[in-house]
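Listed below are the structures to be examined.
One chain, chain A, appears in both complexes that follow, with chain B as partner in the first and chain C in the second.
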Partner chain A sequence: MKNVLIALCLVLSGSLFSSFIQQGTDGDRLLGVWEPSNGRARVKVEKIGSKYFGKIVWLKEPIDPETNLPKVDKNNPDPALQSVPLKGYRMLKDFTYAGNNQWTGGTIYDPLNGSTYNCTINMRDNNTLDIRGYIGVSAFGRTDVWKRLQVQRN
Partner chain B sequence: MWVVAMALSIGLWSCSESGEHQDYTLDNVNFIVSGPIYEGSETAQYEIVLDESLRGKVVGAKLKSARIHASDSAGLSMLGSVAFSMVGNKADMGGMAVLNPVPSGSSEADLSVSAEADPTVYFEEGRFYLVMELGINQDWDADLSVLGDFVFDLEVKK
Partner chain C sequence: MRKYLAFAAFTGLAFGSTWAQVDSLATEEEEDYSLYDNVSFADAGTKAYCTNKIEGLSPSKLISVGYDYQLGYNLTSINTPGGQVQDVYEQADFARSNGMRLALNVPVISRNDLIVQLGANYWNQGYSLENEGIDNPIAAGLAANGLRTTGMNLTVFKPFDETRFFLFQGSGDLNGDYSFSDIMPLKYTKYSAAALYGKRVSDRKMWGWGLARTYRVGELNYIPILLYNSTNLANTWGTEVLFPARAHVRRTFNPRSMLFMGYELEGNSYRMYRSSVPQNDLEIRRGELRFRFVYERSLKDFIWLSAQVGYRYNYSFDADVLPEGQEFFRGFFGDQPLAMEQSLTNPLYFNISLNLVSP
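And now, the complex of A and B:
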């Protein structure tokens, strides 16, 4: 009986461990450079700690015509941070992998108006994301399709 | 990539009704980006594990100052801008300070600290990341290292 219990424990702990590892690698499929449907920016997803973040690494129009300088986050509600460059700005923040090709719990920032929205990311396939931004309830939101810049095989 | 925090809290104590205030100082935090590095934006992160004596005792925190300085003769010449954020595995990321542009020819510079930013949640969590977003203005074949000095005002339970 004792041997059976030990064997059962080993099987269970092994299964838990492999599921943990699987979750990490599955979530990392989000890493890479993505382009929103409007083609005006490119966003690189990185991992910090156990969460995923996306920063702007390329802008179609990097210069602010009003200042003739590189664009900054001039609509940030915090005046002290309005000089943060948009290139390098993290517009996707704090996503965790929830399984089933979904990353949840994060936010998306719109530098055009300085607003932050709740956001979920759904990976249709390895090269396509549905990015849904919403306020309050997910049903009242908008979905944008992002494409991976460097195409990977499915 | 992370390395173990080498900084220690050094107390400048004062008292209030809810807790005691002390400075928490992080000196020479080494933010490293592996080369080669290309013009654009690079992220460097550094994990802080709060000392056991402060775990569960911090009830308030404020960033008082943030300064960067060069670790070699190249100075800060490669940097166009620096944005400093903090994040925990639970606590959401928050912007803390920025320097844009980095003064040319300087070997050290102070970041403008946000008065609205509240890093209390990271100290409550006890383990968090300092994140530097470095605006790189030229290609570079080697690793890049930038040192950071930070002073926080902590309110600690009596």
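And now, the complex of A and C:
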């Protein structure tokens, strides 16, 4: 019985420690809601496991003017994904914190043309991100500046 | 005991990770998206700016490797009463005119309030002459040396707010019959520029107007310019216009396949640097209208094919004498005599290129 109690304590403390490590890293500064420069969407960055993902939580034009229905990912090259709603779509995937205000190893998806690019995120300051999408090497890319948003709680 | 400890440590780490994931996924399922309707910038000083694109525009090309091919045509050179060249030359018959076209464009500054892009280009135009031993030194020079352009360009996009912007494009081109082993001095560089004020009135429409210093009509000219880019709601039709340089109607089949119908005004002033022509300072004022269909599609991911077919209409192939490359302005209404009038017949042309397009 004593051993079982010790094991339970260790399980809880290990879990708490793990959680503390994950939530307390510098990398978590990326968490929050961000707006790309074109203002057409708002993206919420979340952490799943040790990686960071960003999903679309707001669209300037949520309704497709052609169908009068909520916008779906109709430009996706994979026909099976063309009916997936854009709201909730994870356009940033698989980023890990590399230190020095950089998140690397991820991809960014552009719903306007259905293309996925390699991507590096650089936090210029706490409220500004340089999001560089590129093809193969960083020189062949484009940087977009995203701004942090504050959600107004009612 | 050691087994318990190992099990506990593993279980604890695994639970920690799983809890984070489950928590996040649960949040996703329960997400109340209406929360994000009412937001403000975290940094109170943040200002929003318009972008340099609208929805549906054809993608920008980072690297382009192309080949241009004009079918056969004739060149007639006529002496001009007030001009410096008084000989009468034999008509030249060109079987074809063709060459490589390379371009590179790299964004160097990408900020919300400023975009700067640098580019380089190289065009080579060869002339295949059918007349042997022709008495036409210009045609013979073109056939022997061809014409080429090597240039650099700069594009600056400066938005003022969410709708208004300023666009500047400048370029320096070395045009002539030089070779890289016998290159012309840089003093013969031709400088072009365009400045434009515009408005991005919506995500599907932007327009602007401004002034250009250009050699597109062959010789130096200053002309007003008009920008008009638009896309319809369904993103099936649009326009991409920078008048008078180019104007196209765009038919979008999907974001990776587009057809353009329209024209491009293409030209520059080319120095006969190596060819043995009557005047050492002769420059050919080449300007042509290309009425065309352009089909562009993604071959794989970011590699795009662009295929053109069209009609090349000669606007100018006249020649001026420019001692030491000193340029002058004739414009549309000046009366300075040409050194030589030259006319070309108008052939069909084809152009194909592979392009790496920008994100």
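Keep this in mind: the second predicted complex is superposed on the first by the 126 of 154 C-alpha atoms of A that agree within 3 Å, B and C clash if a C-alpha of one lies under 4 Å from a C-alpha of the other, contacts with A are read in each partner's own complex, and residues count from 1 in each chain.
Keep in mind that, in the parts below, a residue touches a chain if its C-beta (ideal position, glycine included) is under 8 Å from a C-beta of that chain, and two chains touch if they have at least 3 such contacts.
Keep in mind that what you see is a predicted model, and the values were worked out from it rather than measured.
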Quiz item: Now for A:G114: first (chain B), second (chain C), both, or neither, which partner does it touch?
Solution: second
Practice problem: Examine A:G88 and indicate which partner it touches, taking first as chain B and second as chain C; both and neither are also allowed. | Solution: both
Quiz item: Taking the superposition as given, does A:V33 touch the first partner, chain B, the second, chain C, both, or neither?
Solution: second
Quiz item: Between chain B (first) and chain C (second), which, if any, makes contact with A:A98: first, second, both or neither?
Solution: neither
Quiz item: Which one hits more chain A residues, chain B or chain C?
Solution: C
Quiz item: Which partner does A:E46 contact after superposing on A: first (chain B), second (chain C), both, neither?
Solution: both
Quiz item: Just chain B (first), just chain C (second), both, or neither: which does A:D78 touch?
Solution: first
Quiz item: So which positions on chain A get touched by both chain B and chain C?
Solution: 46, 48-50, 55, 57, 87-88
Quiz item: What does chain A use to touch chain B in their complex?
Solution: 46, 48-51, 53, 55-57, 72, 76, 78, 80-81, 83-85, 87-90, 93-94, 107
Quiz prompt | Residue numbers on chain B that touch chain A, as the complex places them | solution = 40-41, 43, 45, 47, 80-81, 83, 85, 87-89, 92-93, 95, 97-98, 100, 112-117, 129, 131, 133-135
Quiz item: What residues of chain A sit close enough to touch chain C in their complex?
Solution: 3, 6-8, 10-19, 22, 32-33, 35, 37-40, 42, 44, 46-50, 55, 57-58, 60-61, 65-66, 75, 77, 87-88, 108, 110, 112-115, 117, 125-128, 130, 132-135, 139-145, 147-154
Quiz prompt | Touch list for chain C against partner chain A, complex | solution = 1, 4-5, 7-9, 11-13, 15-17, 19-21, 24-25, 27-28, 31, 33, 35-43, 46, 48-49, 51, 53, 55, 59, 62-63, 106-107, 110-112, 162, 203, 233-234, 254-256, 301-302, 356, 358-359
